[in-house]
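Presented sequentially are two complexes of chain A, the first with chain B as partner and the second with chain C.
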Partner chain A sequence: MKALSLPAQKRHEALVGYLFIAPYLVLFVAFVLVPVVWGYFISLHNWHVLGDQKPFVGFANYRALLRDDLFGIALLNTGYFALLTVIPGNVVSLLLALGLNARIRAENVYKAVFYLPVILSVAVVAIIWRWMYSTEFGLLNYYLKLLWQMFNLPGEFQPVPWLNSPQSAMPSLALMSIWWGAGGNMLIYLAGLRGIPEEYYEAARIDGASTWGRFWHITLPLLRPSLLFCLVMSLIGSSQVFGQSYILTGGGPHYSTLTVVLYMYQTGFSLYRMGYACAVAYVMFVIVLGFTLLQFRLLSARGEE
Partner chain B sequence: MRISFVRVILYLLMTVGALLFLMPVAWMLVMSILPESEIFQPVPHWIPQEPTLQNFRELFKRAEEAPVMRWFWNSLFVAGTGTFTYLLLSSMAAYAFSRLDFPGRNVLFFVVLSTLIIPGQVTIIPVFLILQKLHWFNTYYALIVPGLAGAFGVFLLRQFFLTIPREMEEAALIDGCGRAGIYWRIILPLSKPALATLAIFSFLGGWNDFMLPLIATNEIEMRTLPVGLTIFLGRYSMQYGLVMATAVIATLPVLVMFLLFQRHIIRGVVLTGLKG
Partner chain C sequence: MSRLCRLLGLMMVAGALLLAGCSPRSNLRSDPNAEIRFWNGFTGPDGATMEKIVKQFERETGIRVKMQIIPWGTYYDKLVLSLAYGDAPDVFICHANRIAEFARYGVFRPLDDLIAADRGFRVDDILPNIWQAGQYDGKQVGLPLDCHPQGLYYNLKLFREAGIVDAQGNPKPPETWDEFLETARKLTVDKDGDGRPDQWGFAFTWLRTNWITFISQHGGSILSEDLRRAALNQPPAVRATQQMCDIIFQHRVAPKPEGFDSWMGFRQGRVAMAIEGIYMLSSVEEQKGLEYAGAPVPSFGPKRAVWGGSHMLCMPKGISPQRAEQVWRFIRYLSDHSLDWAEGGQVPVRRSLLNEPRFRRMRVQHAFAKQLPYVVFEPASHKSTEIMPFYDAAIEAALLGIRTPQDALNEAARRIQQVLDRP
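Moving on to the complex of A and B:
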């Protein structure tokens, strides 16, 4: 091989670099960068898919969102879903991780069972739970009735309407989502627990700390990075909930499960109002961005201590 | 004595929890082999009186209106081809970002990295319009290509490549090996663990993806299994055995993958914070 001079070598390396990066970069520009910028551009227009004219309307779509009752409902519903899933879901994940961390036999079997739902598609999850939640034939009502009779509770057991009533539909979607996702955070918590040095517990035991005291004063503070990470990631995930309500309830009954992303989907792909749908998407983006920045702050604040 | 009592309670709680977690999936499997007469029963038939593969046979008979096998192949092709291409393109870009010096490298990497915080749903409408402009609607391109642009693979592989000692490449360079040769013969073979983790999550993601196939196709022949399933749900809401059999078909490949690569998956979640 002919020896190249130093500047020529540099040029050669740069050329090779561009060649290596080019295939990915083309797709990145076409399907990430352009969509992000173009989406904002679309949100400033009255962009009907079938219309010939797509007039510029400035922030009219955003102003309209402020007065849109359905969008308000969708925001509230999404917040309600986050409330029902983020903290309860993380409590479940943490409890499972604590159980796994107690040096039990067949740990891997338990771990696999709790993680199993995570690998399922939202469509499969929804189909299984549609039957679980069936008022007449569902397993949940069947076993609730058994429990009712076992404990001799007063009166006749009233079947829970689960997905069929505005009061219980969103909690039902939340319960299903916790089952679906708890295994992921469980693994992160378990890794966090395994990272806590045994000596800390030894020392606390010598000082006569109770189990609860050890959990409260050692486990929880040292688990802070994992807790922050999982809580914020759950928050971000839950603000994008879509498949569950799209498949199981279509947003009903009475809009009780209409979420922000479902509203965006319906506006864009049923009503073809792309400009308005993009405005919804950007409002959601700003909210998620807020959560992400919050996470960066919390995690870096931790690092400075 | 007290210790062992606590342990009994612990095992009891964990086992009850595991059974509760397992119940929905187990019921799906049982229901797919129940004859129709045993499905709508006041008491669930956990042990079928007459187990049958009738539901699966029926699916093949209805291939005209509900092409489950076609959906299966679509899903397999989309997830398989997507995973392979994603690994190739991401590792090439990651190699350039971690090893080659060129003007604009750091700015480019920062731009790519910063898009990790953008939820895919934010861009789904422009992506749909771009697919239409490219005349890719209802094609495999539409199902595969948008997923290749995600920044996560580049980020993960770059991190891994940076841990590979440079001395190995310098020796190869002196021996007259080109950059492409180093990438192919040194970097990639040394990165098998990272590539395997990325491949598993990429395949699971492609197989399970719901929103992209929902908006990128509308012909029944071009649907993937998850979207096909929801079409089914509307059409055969009274023949739940058929629906459950399809759900089983949609689950078996990822279930087998999970059982084979369990340790890889679990380690991957911890390393990357990915949840599958």
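Moving on to the complex of A and C:
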């Protein structure tokens, strides 16, 4: 009852403060906090949407997940997607930012062009790329065929089955995702680059450092905060990949693009097995939490230097 | 800290109440004058046909019907949520292959008493195999409005060009496996001599349903008869899958289903034959310059069988007695007028309608309807939807040559068995 013994003025201030945050807090609680806690509750039940009884099963859903090889496949696929997008995507973003940082003409035009895909929703991106990837009628295969003929390569050109073979489907999704997201990180890198004082480069030049040496010993170390931020955010983002495979491949061919979030969605919203879907969500939550803690550790390690 | 906890607790309660505001409440209005709410997913030309029949019903009976068309892609999400949490429609369409899945949770109002009370309604007029697809646990929970079997679509112009005609000079669709192979070979043409056919005799369109037709003709099935065991890796189904692979890899009369839009190929005259559902009729009708016809699916195996689906008319549990009677009148009316419905590319399931001259004039529907007595549906298990992705993946892997049919089907059978064994 300490709270009530505060002086009247303090109480008044606190009340005003709560009122100010109330609109957001109510929404946050109703649509984030309650579902998060409730989701955990559901994950402990055999919870079919239509079931009258939703029996408590303890950790049975989690135990079943351990034995579910499709979940294993989904985890591996998601890791594979992260591998294909995080490092290559950030290299692309960094290269774009380096190019833009060279004080070129019409810089803003390029910035806009590279950033444009980021403002598209995944559905729009996927539909555009579905046509580009079409084996029969796709733009990519059309250009590849032209190149093939231009250089008189031996044999008949075989169209690349971008989305239709288990080997190429995931790399195709990764390529599309890099195109889609590169502009966002590019801006962060550009801001980072602009924050590096010109004097350092000047000094390095006087000392005779090569372009590569300047990049390696000045740009990269000073860009570390941006790098860490972008890498970790990309890693978290790619671990939640869903729309790309949901729209383009439906998880196929032969489970090659089945990702964890897609599996969760299918379990929850095609099969209405909410308990199991929530268990998938919670395992994913723990994994992403792990990455986030890693992020904190890495970022604070920098602070101690 | 304790203050924060208390605050959070309060917020959670408030939030829970907010959410509870949108959950279970008794939804079905008992006002007999209220309109009948009818949900379906007929977004194509079939929607317009249905609209016409509904308007006619309103004029004749004075009962108002509010039809809501929801694209099939999201239809079941909406339906299931409405059945679980309230606001369910008074009558809705449910595909035959999902009856068991939903009926298991008792969401349907059985129709048996209404059927028994309606002396004018003759159950024996409806084809028995399709009538049974609307049953669960001995109760009739859905009344079949139609059936949509697969059939053979073939391109008349390409048949004539290849000289595949009967004595009168009419294009002749194949009826047996040998005829099918011979026809498909003649129709597979490599015009520019680059080693890759530019015109294919046949193409697999929807792999799942094509496969169900093949395995059923060989006497195979996805599940055992008691629906407890996976049967798709048994010899008949493996043989059938091998036959499908042979069409692609050995006889080379169909393309690998890899980035080849088979149905578009048929529409554009680059594929001479395809096995598709009657619901694709409107899609070939709108293709300018395409001369097509329909025929029963050839015999690929020793048994007669063809995949089909059916739109079942269903009522939700908890509907009031007066309302149920009104809705029954509506359902009955739709069934009586299923010949009008057939115009939109469907096949009626009432024997009396199948013999009408008007139905004979619907040439493709009439050709496909000959197969009704041996239509097969997906297994009537409540896990039917759940096991689907597994056999989908197996068929795809086999037909793309990623796995042998036996390996692919063994893997699918193992996964399906896991699903079946789960409570």
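In this section, the second predicted complex is superposed on the first by the 297 of 305 C-alpha atoms of A that agree within 3 Å, B and C clash if a C-alpha of one lies under 4 Å from a C-alpha of the other, contacts with A are read in each partner's own complex, and residues count from 1 in each chain.
Keep in mind that, in the parts below, a contact is a pair of C-beta atoms (placed from the backbone, for glycine too) under 8 Å apart; a residue touches a chain by one contact, two chains touch by 3 or more.
Values in this document were obtained by computation on a predicted structure and should not be read as measured data.
Chemist: After lining up the shared chain so the two structures overlap, which partner does A:16 touch, if you call chain B first and chain C second: first, second, both or neither?
Modeler: first
Chemist: So which one touches more of the residues on chain A, chain B or chain C?
Modeler: Greater contact footprint in residues on chain A: B.
Chemist: Tell me the contact category for A:272 with respect to chain B and chain C: first, second, both or neither.
Modeler: The second partner, chain C, only.
Chemist: On the A-aligned overlay, A:252 touches which partner chain: chain B = first, chain C = second, or both, or neither?
Modeler: second
Chemist: Regarding the shared-chain residue A:264, is it in contact with chain B (first), chain C (second), both, or neither?
Modeler: It touches chain B, and chain C stays clear.
Chemist: Go through the superposed model and pick first if A:72 touches only chain B, second if only chain C, both, or neither.
Modeler: neither
Chemist: Would you sort A:48 into first (chain B), second (chain C), both or neither based on which partner it touches?
Modeler: Touch status of A:48: second partner only.
Chemist: Let me test your reading of the model: by the given contact rule, A:30 touches which partner, first (chain B), second (chain C), both or neither?
Modeler: Once the two structures are laid over each other on A, A:30 reaches both partners.
Chemist: I'd like to check the shared interface: which positions of chain A are touched by both chain B and chain C across the two complexes?
Modeler: The overlap between the chain B and chain C interfaces on chain A comprises residues 18, 25, 30-31, 33-34, 137, 269.
Chemist: Once bound in the complex, which stretches of chain A touch chain B?
Modeler: 1, 10, 13-18, 20-21, 23-25, 27-28, 30-36, 38-39, 42, 96, 99-100, 102, 104, 108-124, 126-132, 137, 139, 142, 179, 181, 184-185, 187-188, 190-191, 229, 233, 236, 240, 242-243, 246-247, 261, 264, 268-269, 274, 277-278, 281-282, 284-285, 288-289, 292
Chemist: Per the contact definition, I'd like the list of chain A residues that touch chain C in the complex.
Modeler: Answer in residue numbers: 2-3, 18, 25-26, 29-31, 33-34, 37, 46, 48-52, 64, 69-70, 134-137, 156, 159, 161-166, 251-255, 266, 269-272.
Chemist: Under the definition above, what is the set of chain B residues touching chain A in their complex?
Modeler: The contact residues of chain B facing chain A are 10-11, 13-14, 17-18, 21-25, 27-28, 31, 39-44, 89-90, 92-93, 95-97, 100-103, 105, 108, 111-112, 115, 117-119, 121-130, 145-146, 148-151, 154, 176, 179-180, 183, 204, 207-211, 215, 225-227, 229-230, 233, 240, 243-244, 247, 250-251, 254-255, 257-258, 262, 265-266, 269-270, 273, 275-276.
Chemist: Where on chain C does chain A make contact in their complex?
Modeler: 3, 7-8, 11-12, 14-16, 18-19, 77, 80-81, 83-84, 102, 105-107, 194-196, 258-261, 385-386, 389, 392-393, 396-397, 400, 402-403, 415, 422-423
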